[in-house]
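Right, I'll just put the structure down here and ask away after.
Letters A, B and C name the chains as they come in the text, with residue numbers starting at 1 for each one.
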Amino acid sequence: MTEFENDSLTVQELPAALEGILFAAGDPVSLQRLSDITGVERSVLRQTLTKMSADYENNPWGGLRIRRLDDEYVMCPKPQIKKVLERMFQPKSRPPMSQASYETLAVIAYNQPVTRAQVESVRGVSSDSIIARLLDRGWVEECGTLDAPGRPTLFTTTKQFLLEFGIDSVSELPALELMMYGTIRDLEDSLETAAGSKDTRQLSMEQIAGGLFASGISDADEHLPT
Amino acid sequence: MPIRQVPELKIRQFEGPLDLLFHLIEKNDIDIYDIPIAEITDQYMVFLQDMDTLDMEVASEFLVMAATLIHIKSRLLLPDKKLPTDGEEEDPREELVIRLLQYRRCKLLARELKERHTQFADPILRLPSSADTLGVRIDAVPQEFDPEQFRAAIQTVSSRNEVRFADLSAKITHILKRDKVSVRDKMRFVWQKLFGGGKIFFHEIFPSRGTTKIDRVVGFLAILELLRGNRISAEQEKPFDVILLHRLSDIPPESPSDKTDQAYGEVNYDGI
Amino acid sequence: MTEFENDSLTVQELPAALEGILFAAGDPVSLQRLSDITGVERSVLRQTLTKMSADYENNPWGGLRIRRLDDEYVMCPKPQIKKVLERMFQPKSRPPMSQASYETLAVIAYNQPVTRAQVESVRGVSSDSIIARLLDRGWVEECGTLDAPGRPTLFTTTKQFLLEFGIDSVSELPALELMMYGTIRDLEDSLETAAGSKDTRQLSMEQIAGGLFASGISDADEHLPT
């Protein structure tokens, strides 16, 4: 064991932290990344993960396991509970498509290929969990990553979607400015310019909306006639 | 009762009149069940009169409370003789105490919620797994795609965005254009109206049509300010009756002190 | 307990299955949906989940917990490891909420369902724009109208509110009816009932506060090691 960094974790805290990280990550996480996040040496991590993995396997009450794939680790359900999960994903046990799902699908169709963040920006609300359901239904698929920080996943609609919708191509969708990410961005930019001040120049729309309520100008806003 | 000097306070420090009252009660270490109304009212009024600018609706809420306080004060001074005294005399302060206790409780709960929020805000949840990543096979069944709902969703998103941006630009414009209405400006305005020794009704200077609520509220404060300086007189025969204003002195309001100078900004009174 | 379906799970298999389902779902899952998937009665599920939740909390090596939000359950990282997780996810920067917002939220949370006018009567100031902000944040929602002149809208708190404030259920918040007391006596009575104390006269402000928190949301805090 080497010296830990200032904000590195203690041995006692490590298992809980790794559990949380692998849980939240979803995708496999490399040993190096885990080391960067925890500030703990790779050899210590490897040892801890091996021990944790054995504990998970040996716990008959637990439904999860930690798998190693080369130098990556991923948390996933145990094979024994696959049958239950199949029931969970069967179309008949799934709740029907919600209005929110159709909205998300529409935004993806109009802007493909598109990232989660872009979908959220057009829809105005988070769509993260809805995208998973659209993937399950086969109307949306992943198509690589955007060359930007964090390399966010890009999504497109599928042939299946076109088939169901009865159109040959997404270009057949009626043109609508307010469905387009590009237009939304332009609107945001012009609003920022309108807001004018040096402080707000770099603000996103979210921040402007939020800023109205933050200390400075908030009093004004709170008494806007509605 | 001597009025202790009220420290410099800004109206924005307070969430409303109840918040301000509580501040005064705590500062003076007052038993909430036995509030010395006269003293609190005086302090409250001093605070109101020291306000430099008024924030739209806020001012009216502070003024309503001022009226309530004065009303209670008068009832304490002049007990209603028409009512038979049966020993169970109602304390005119009771309703106010209840409101203060309720508000106090609300504040304490708010503090607790805030603490909880700092601890629990932005919870990190997993993104749902897709069947594919879990290696779960899904039966191929006919999909229940509804093109009509899809079209409706497009309409919903577009019109929501329209509202979203219209709303936001309106707010930004409003903030940029917002004027501050100062008491000092209104004092000057009233003084000018009374020039030449005439009499005028309050509602003639500030008619309910053609002036905003904030104009009238600040105007009223300006009158109070001028009354305090013995610059004008005001007559009102009975409550809610018209108010007749009359200029008492031809000497313009005395030069603002350093303190008010800072608070009210630079206004030249010599030119009046 | 009623008859189970053919392919329902045994009591032994249940915890692992629930763990797997909550893991895969990501979002909160309703008791009804869990019952549909597992074929196990809701009362049994509720009992099992309560037991599992306690086990998670008591395991110092574990980084996960199961939270209840009214009749939904969700698996998420423990608050203790949030700081580590924030090194891997950039947290959304949101404007801080104002004192006024928390006050308004408090009135709604403790008196729901409640009208705008009732909120204003407690706070002594207009609360329109603050309520709009709370609606935006998804902490509050409309839930019908009051059967009174003008049919004013009624507001309640949401699941998102429970999630972001660490509360299991609104029933955890004692109904306090912040408004509409005829006499000081009535107000004190309600405080005593809330505090569960028999000691009557002369409640100090601090006692009022203490009483609330003892019987109220602080219960949840007890199993929250900080």
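The criterion applied here is as follows: a residue touches a chain if its C-beta (ideal position, glycine included) is under 8 Å from a C-beta of that chain, and two chains touch if they have at least 3 such contacts.
Computed from a predicted model, the values in this text were never measured in an experiment.
Chain C has the C-alpha centroid lying closest to the overall centroid of all protein C-alpha atoms shown. Among the other chains, B has the CA centre that is most remote from the centre of chain A. Centre-to-centre separation between chain B and chain C, using Cα means, comes to 32 Å.
Between the CA-based centres of chain A and chain B the separation comes to 43 Å, rounded to the whole angstrom.
Separation between the centroids of chain A and chain C, computed from CA atoms only, is 25 Å.
In chain C, the residues that reach two or more other chains under the touch definition are 23-27, 75, 77, 85, 89, 94, 97, 100, 126.
In chain B, the residues touching two or more other chains are 57-58, 124-129, 134.
Contact residues on chain A toward chain B in their complex (touch as defined above): 23-24, 26, 76-77, 82, 85-86, 89-92, 96-97, 99, 102-103, 105-107, 110, 122-124, 128-129, 132-133, 135-139, 160-161, 164-166, 173-174, 176-179, 184, 187, 191, 194-196, 205, 208-209, 212, 217, 219-221, 223-224. Remark: chain C residues 7, 9, 12-13, 15-21, 23-27, 33, 36-38, 60-64, 75, 77-78, 80-81, 84-85, 87-89, 93-98, 100-101, 126, 128-130, 132-133, 136 touch chain A in the complex. Interface residues of chain B facing chain C in the complex, by the touch rule stated above, are 15-19, 32-33, 57-58, 61, 65, 94, 97-99, 101-114, 116-117, 119-129, 134. Chain B contributes residues 12, 55-58, 124-139, 141, 143-147, 149-150, 152-154, 156-162, 164-165, 168-169, 171-176, 178 to its touches with chain A in the complex.
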